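Common to both upcoming complexes is subunit A, partnered first by subunit B, then by subunit C.
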Partner chain A sequence: MLTAPLIIEYPFKRTTGPVIGAFMTGLRERILVGSRAADGRVIVPPAEFDPVTGEDLTEIVEVGPGAEVTTWAWVTEPHAKHPLDRPFAWALIKPDGADTPMLGAVDAGSIDAVHTGLRVVPRWADEREGRIEDLACWVPERTTPANVEYKRS
Partner chain B sequence: MTAAASTPHSEGAPLAITLPASLQGVELVRSVRTPAQLDYQFTAGAATSRFLRGIAQKKILGERCPVCGKVYVPPRGACPRDGVPTSEQVELPHVGTVTSFCVVNVAFYGSSMELPYTSANILLDGSHLSLMHLIQEIPADQVRIGMRVEAVWVPDDELKPTLESIKWFRPTGEPDDVNVDIPGEDHGTGLGSWVGGVAPIDPRGTH
Partner chain C sequence: MRDVAVISFAQAKNQRRVADLNEVEMLMPVTGQVLDQVGMTIDDIGFTCSGSSDYLAGVGFSFVSTLDGVGPWPPIQESHVEMDGAFALYEAWVKIQLGEIDTALVYCYSKSSPGDLPMVLTRQLDPYTVAPLWPDTVSLAALQARALIDAGRTTEPEMAEVAARSRRSALDNPNAQLAWDRPAGDLLTEDYHVAPLRKHDCAPITDGAAAVVLAAGDAARRRVERPAWIRGIDHRIEPMALGLRDLTVSASTRLAGEKAGVADGPVDVAELHAPFTHQELILREALGLVDHQNVNPSGGALSANPMLAAGLIRIGEVATRISSGEADRGVAHATSGPCLQQNLVCVLEGES
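Showing the complex of A and B:
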C-alpha cells in the first residue's frame, strides 16, 4: 500500500494590538511585561481588558526576570513540537512583581530538580523576533553559579 | 451600562498605553505569525494504491461496482451505493467532460500556479465519478461545463504514483457534451438538474 507524508499548514498571521504587541516586543527585547489591573494586580501576559470591570488596561509594567514555579507536570517523552527535546516540566510560573502565573517549560534536567516554589529565570532564544518562542524556556535560578566550576576542579 | 462603556476610547483610534522605560523608543511588534501545521502520514488504501500504481504507468484505472455497474475513479474500493467491493478494474480513456469548475483568482500559500487558473471536476468517458484537476491551454474565462478535455501527462521518465503525473487537462476541440450526466444528480437530466429530484419552484408562479 502506498503512503506519503501529508502536511496541512494554515499560515495565519495575526495582528497583536498594542497590549499583546507590548508583550511580544518585550520578549524580543528580553523583558517580561504585564498589565496593571484596576485593583492594582499585575496580569502576565498582559490582559487587554480588566477581568473584573472590563475596562481597557493601558498601563504596561515590567516584571521578572526572576520567577517562581506555582505548579508543574513532568513530561517524560517530549514530542516533536514541544519546546525541548529532552524531559522537562510544563509549569505555571509567576514572575516577580506579577500576580498571575503564565505557562512555560522548565529545563530542569530531572524530575527531582523541580518543586513548587522553585526559583527560575528565562532562557532567551539567540534569535528573537517578537513571538512566544523568543522565551525558549525557563531554567532553575543559580544562586551559586560557582558550583559548576567547583565540580570540575 | 458596563464599566467598559463608561470609559470608551475613540472608535478606530489606537489605544493609548503607557510602556515601561525599558520598552520606550523600541519598534513595537504589531503582528505575529501563528501557523497551524498538521503532520499526517497519508495511507492511500488498497484501491487508491492500485489506481496510483496505474498512474505511474500512464494508465487511469477505475473500478466497477458489480451491482450497479458504476465505474469509480479514483476508486476507494467499495461502491458507496451498494456497499460491495469494486473488484473489477476498468482502464479508462484519458478524455472526459467538465462537469463543474472554479476559476481561481486569489493566490494561496503553497500554490505555485499562475493566476488566474481553473480547477475543474472532470468526468472521464465511461466513469461515473468526477475527478478534480486543472484545466490549462485555454483562457480561464472560456472554460465551461460540458467542455471536452484530455489529460496532458508529464514526460514518461517523470511518471510517478501521484495525480501530478497528469499536468492538467486541455480542450480536445470536440463539440461540448451539454447532456453530460453530473454525478450526484442522478434524478435529473444533466445540466441544471436538481439534486434529489425536487423540481425547482418558480418563486412568482402558482403552486
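Showing the complex of A and C:
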C-alpha cells in the first residue's frame, strides 16, 4: 500500500472588522476588551452579534487584566501545536469586569497549583501583532505576601 | 405531517483504522446492504442525502466520489451536509414532508485514522480567538467535565460507571470497536489522560459508515412489517463561543427534546450520542432520562465513534429495536460541534 503525507492549507487572509478587530488591536496594546450585550453582560472576546437577540453589538468595554479561572483541564503531554511546551492547564478564564469566560492556557507549573477560582493575569508575548497568540498564556496572580515590608529594628 | 419511518439501517463494522479501503470502498457495502434489506435499488429512491467532511477526507468536494458510488445516473435528486448523517436524515425527512417524494436514502461515513482527529476538529472553532490555540477535542470536553464536577452534578466514579456500562453493553454489539467487561473501580486506578478525563471517559477514534432508508406511509408499510415511525424530530444549536454557554447543561438538547415530544410517552430505549462519559449524564438530564435503565444498549459512541456517522447510528440502533419488536418507543440523539454545541433529538415509535 502506498501512503504519502498530505497537508491541507487554506492560505487566505480575512479582515476582522470593527468588533473582533478592536479585540485584536487591544491585544497588541496589552489591553483586553469585550462587548456589551443587549442584557448588559460584558462578553469576552467581544461578540459581533448578541447571542440571544442577534442584534449588532458595538459598545466596546475594557476588562481585566486580572481574571479568574472558571473551569480547567490539565494537559500532561502537550501537543506540538499547543501554546505551551510543558504541562499546563487549559482554562475558561473570566477577566475582571467581564461576565463570560474565554479560553486560555495557564502556565501553572503543576496540577496542584490550579483550581477553579484561581486568580490569573496575562503573560504577553514580547512581539505582538494583533493576534490571539499575543496573549501568550495566563499565569497565577502573584499575591503580595503580608510580611515583605522591611521592619526597622 | 406525513408519517415517515426508518425502514432499513446498516453500518460498517467500526474499526480503529480501515487502511486497505478508500471511503467509497468502505461505504458501498453499507449502501448496498441497506437497500437490499428492503428489496430496493437506487432507482426506487426519491432523494439521496449524505453526511461527510472534507476536513477528514483531505480533499475538497470529497462527497462526489461516494455519490458516484451509489449510482447517480440517470440524474438523481441529492444533497449533502458537512455534518453527521443524522442531520442529513433531517433534511431527507423535510424533503419527504414536502410531498414530492416517498423514499430517501441517507448515508454517511468518515475515516478519521489518516489525520490527527482531536487537532483536525479544532478547525471547527472560532478562527480568530480559539482555533489558533489548537485546543483539542479532549481538552475542551475535560473543561466541561470539570465544570460538571465543580457544580456537584457528577463525580469521577460516576463517569467511570458510564464507561464500564457502555463497554459492557458493547459486548453484545458485533459492530462495536471497544467492548470489555471491567469494574468501574479498576478504571479509576488509571492515570488521567487530560484531567479530569481518563482514557476510558473518551470515545475511541473510529473509521466507519452507516446508512438508512426512509419511507413515507404505505411506501414504508409495503416494504417492512414494522416500520420505525419518526414521531418527532428537531435540532437546535447553541453559540460557538464556549464562554457563552453553561457547559453543565444542554439547553439545545432540552429544547429539541421538548419539540420532538420525548416526554409524550414512555421511553423503552434511548441511544444518546455522547462521545465522553460526562456528556451522557448531561444529555440524560436534558431529556428527562436521568435514571433510565436502557440507555445506549449498543454501547453508544463510547464503544464506536465514527465521525459524521455516530449520530445516524444512534437513530439506526433505536429503529432496529423498534422494528424487531424489542421496543415500542425510543429516543435517538445526535450531536455536533464542541461540548455538545448542536443537538438533534428523534422520537421513534412502532405501530401496535
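Note that the second predicted complex is superposed on the first by the 135 of 153 C-alpha atoms of A that agree within 3 Å, B and C clash if a C-alpha of one lies under 4 Å from a C-alpha of the other, contacts with A are read in each partner's own complex, and residues count from 1 in each chain.
In the analysis below, a contact is a pair of C-beta atoms (placed from the backbone, for glycine too) under 8 Å apart; a residue touches a chain by one contact, two chains touch by 3 or more.
On a predicted model such as this, the values are computed, not experimentally measured, just so you know.
Student: Check whether A:6 is in contact with subunit B, with subunit C, with both or with neither, and answer first, second, both or neither.
Tutor: Both partners, subunit B and subunit C.
Student: Answer with first, second, both or neither: which of subunit B and subunit C does A:24 touch in the superposed model?
Tutor: In the superposed model, A:24 contacts both subunit B and subunit C.
Student: Does subunit B (first) or subunit C (second) touch A:86, or do both, or does neither?
Tutor: It touches nothing on subunit B or subunit C.
Student: Applying the touch criterion given at the start, work out whether A:131 contacts subunit B, subunit C, both or neither, answering first, second, both or neither.
Tutor: both
Student: Pick one for A:73: touches subunit B only (first), subunit C only (second), both, or neither.
Tutor: Second partner only.
Student: Contacts for A:16 in the overlay, against subunit B (first) and subunit C (second): which applies, first, second, both or neither?
Tutor: both
Student: In the overlaid three-chain picture, which partner chain does A:100 touch, first (subunit B) or second (subunit C), both, or neither?
Tutor: The second partner, subunit C, only.
Student: May I ask you to decide whether A:116 touches subunit B, subunit C, both, or neither, giving the answer as first, second, both or neither?
Tutor: In the superposed model, A:116 contacts subunit C only, not subunit B.
Student: Go through subunit A and flag every residue that touches subunit B in one model and subunit C in the other.
Tutor: The overlap between the subunit B and subunit C interfaces on subunit A comprises residues 1, 6, 8, 14, 16, 24, 131.
Student: Give the list of subunit C residues in touch with subunit A in this complex.
Tutor: 19-20, 55, 58, 114, 119, 126-130, 132-136, 139-140, 142-147, 150, 191-192, 194-197, 239, 241-244, 247
Student: Under the definition above, what is the set of subunit A residues touching subunit B in their complex?
Tutor: 1-19, 21-22, 24-26, 28-29, 31, 33, 49-50, 53-56, 58-62, 80, 130-131
Student: Quick check: in the complex, which residue numbers of subunit A touch subunit C?
Tutor: The contact residues of subunit A facing subunit C are 1, 6, 8, 14, 16, 20, 23-24, 43-45, 47, 51, 70-76, 79, 81-83, 90-92, 94, 100-105, 111, 116, 131-133.
Student: Per the contact definition, I'd like the list of subunit B residues that touch subunit A in the complex.
Tutor: Touch residues, subunit B against subunit A: 2-4, 7, 9, 14-20, 22-23, 26-46, 48-49, 52-53, 109-110, 161.
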